[in-house]
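Remarks on the structure that follows.
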Amino acid sequence: MSEMGSGVLSGGWEYVTAAYVISGVILAGYAVSVVWRYRAELARRRREADRQRT
Amino acid sequence: MTLQTGVDSSPAVVARGLSRRYGRRWALVDVSFELPRGRSLMLAGRNGSGKSTLLRVLASAIRPDHGAARMLGHDLLRERDLVRGCSALLSHASYLYEALTALENLQIAARFLGRPANRAALLPLLADVELDTRADDPVQTFSAGMRKRLALARTLLQDAELVLLDEPYGELDPPGFRLVDRLFATLRASGKSVLMATHLLDRGAALCDEGLVLDSGRLRWQGPARELPARGGLDPASLPEGGA
Amino acid sequence: MPYAFLALGGVLLLAGSYIGLFVAPEERYMGDVYRIMYVHVPTAWNALLAFTTAFVCALAFLWKHDFRWDARHEAAVEGGVVLSGLLCIQGAIWAKPTWGVYWDWDPRLTTTAVMFFAFIGILALRRFVDDPVKRASWSAVSTIIAYVDVPIVYFSVRWWNSLHQMQSSPETVSAPFIIPLRTNAFGVLFLLIGLITLRARLALLRLENELAPPLPASRTALSAEGSR
Amino acid sequence: MNGLLAALRKELLLQQRGAAQLFAVLVFGATALLLFSFAVGPNAELLRRIAPGLLWLALLLSSTLTLAESFQSEMEMKALEGQLLLPASPAALYYGKALSNWLQLTLLGVLLVPLMVALYDASLPRPLALLGVIALGAAGLSAPGTLYAAMTQQARSRQTLLPLLLFPLVVPVLIAAVKATALLMHGDPMGQLRPWVQLLGAFDAIHWSLCGLLFGRVVED
């Protein structure tokens, strides 16, 4: 797959793709989890406030 | 070393709005009172009413979340070491090492205080609490009442101007009761200021000058200690709202 | 506001990665593999920045006794743990084609791994302490010690592994390399700012839930002057 | 200064009663050394080469037991709080405890050495220098370990928490101590011992001062 030529590392796109995909998944996943946890906490508070009013 | 002129004549306790929370619960809410130097105060209230918390705050074992206090003229928050130097707390926790003997436990405290820590100096103190015959037995062989006596001796060792006693009668036998009465009288006679939390209304009222009732962390009644038993003491419902 | 930072960070990251992957030229020695650098280096900078933020917040909490600093501290530690974990994975992926192994005990990468475990320990400590006050002071103390430890770890690993020292960094001076690098660096930075802000708000909400509500304004004059 | 002296005498008393505990930890460390050789296999050459690493791993693992135990009696009846209220300075209490732990860990390390020599057929050309390295390494474990033990002894699931916090932190101690021990045992033709000992010294200096400063925030409310 990799052709050794002038000492240049050729190919290796599969590593590049893997690095970008994993970075994207982890960063996006963490962002989603923070937003989701924040929203869930806000919703829980609203429910609790409603229950106290009734 | 404060050179302020007011320090020597300042009251034993000036508490203003002391509040303390444990997690979701306020254990102490806005407690203010004063105790003149050389007087004694009895703290009454049900279990969990905040007596221990108040004593622990005043001894600077825990910080108040709100409020301020001066102990014998020293600021509770900014002069912690001075406050600790002039007050002694008999706490629910015995502050003892189980593996060490009674004498060794006192020796450890005496060395931190810079007092003589030899046997001859400490045995009289153990005799005061009637433990001198058990001086060389490890604390883990002691009964709950004996631990209380040893903890009491440790408190007295500090020779503090202000003594805070949390349930001194707890776990003691009748001779132990009389022992505490006697020690209390000695403290009073030597001009110390004493705060005592206890459920024994009649006993406390006979010993103390002032009384103070806590209910759910709030100050519910304040007045002369001798009026406490008549007011039903532990039952806050029978107390007049807002008191004092 | 934090959502704007998140969106901006996301857009910058997409743009920077596109340039880095498809526009920027090949590197002279490393060919295409070096393109990992465009996410790796920004992650590294921002991981360090997150831990530095955590360190500053920890100092501020011990100084001020204000729980808002504790919330920010928790958020920064968590962000730093995520970024340093990602950094280790990226480093391993990059090490394979360049050095032939996934883990090469490179001092920077190894230090990152040590930091990752140290700060995961702090997150665990926060889980296992129920009293909010103790939790805040203890984790602040741990963060300060762990942060001060980082340079010592780095130097010890560097000396330890001094036999094959090959800090081969691709040439990054010329403009075509710099643009995607900077774009992604700011992308991760804005993402991090947005996430820490949001996470700190979440931490504060949870804290309010754990602590009793503040007392109504006190009647006594002196009580305004509290310790915390 | 008086406080430190009082704290040290307190630790001395506690250690006298805890001798059995030290023995138990020693047995634990010895067992670990024995088990390591089973994990590696009966390859005398390999065992001799990695003996320094195994010695320090055994010491590191047993150190968590010693450290955790050292705060057991302090928290049981809140003896530590009682001393703070006397008042004793947190720094004096910390340094008393850290010095006592350091002494115990050094002793533990020294006692594990003959076992390592016997099990792994390791040579021991400079025993005094090795004692110095063990003392420096033990100091590096004791300083942060004492601080973290004070925390974890009051937390839930403390058995897991102490190593979790301590181990990443003491990576430099492990690296430097193992390197220095290896150089002492296998010869040091390049004169590399010095920088490693200096690294240990630097780690000790930083952590002994920093942890002493921060201890008050761990034990005070």
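Order as written gives the chain letters A, B, C and D; numbering starts at 1 within each chain.
By definition in this document, a residue touches a chain if its C-beta (ideal position, glycine included) is under 8 Å from a C-beta of that chain, and two chains touch if they have at least 3 such contacts.
Since the structure is predicted, the reported quantities are computational estimates derived from the model, not experimental observations.
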Central chain of the complex, centres being mean CA coordinates: D
Cα-centroid distance, subunit A relative to subunit C, in whole angstrom: 15
Averaged-CA centre spacing for the pair subunit D and subunit B, given as whole angstrom: 40
Centroid distance [mean C-alpha coordinates] between subunit B and subunit A, Å: 56
Shared-contact residues (touching 2 or more other chains) in subunit D: 221
Per-residue multi-chain contacts in subunit C, two or more chains: 130
Listing of all chain pairs that touch each other, if any do: A-C, B-C, B-D, C-D
Footprint of subunit B on subunit C - complex, ascending: 130-132, 210-212, 215, 218-223, 225-228
Subunit D-touching residues of subunit B, taken from the complex the two chains share: 59-63, 80-81, 84-85, 87-89, 91, 93-100, 104, 107-109, 111-114, 138, 154, 158
Residue numbers on subunit A that touch subunit C, as the complex places them: 7-13, 15-16, 18-20, 22-23, 26-27, 30-31, 34-35, 37-38, 41-42, 45
Sites on subunit D touched by subunit C in the complex: 144, 147-148, 151-152, 154-158, 160-161, 164-165, 167-169, 171-172, 175-176, 179, 195-196, 199, 202-203, 206-207, 210-211, 214, 217-218, 221
Partner subunit C, residues of subunit B touching it in the complex: 16-17, 19, 21-26, 29-30, 32, 63-68, 77
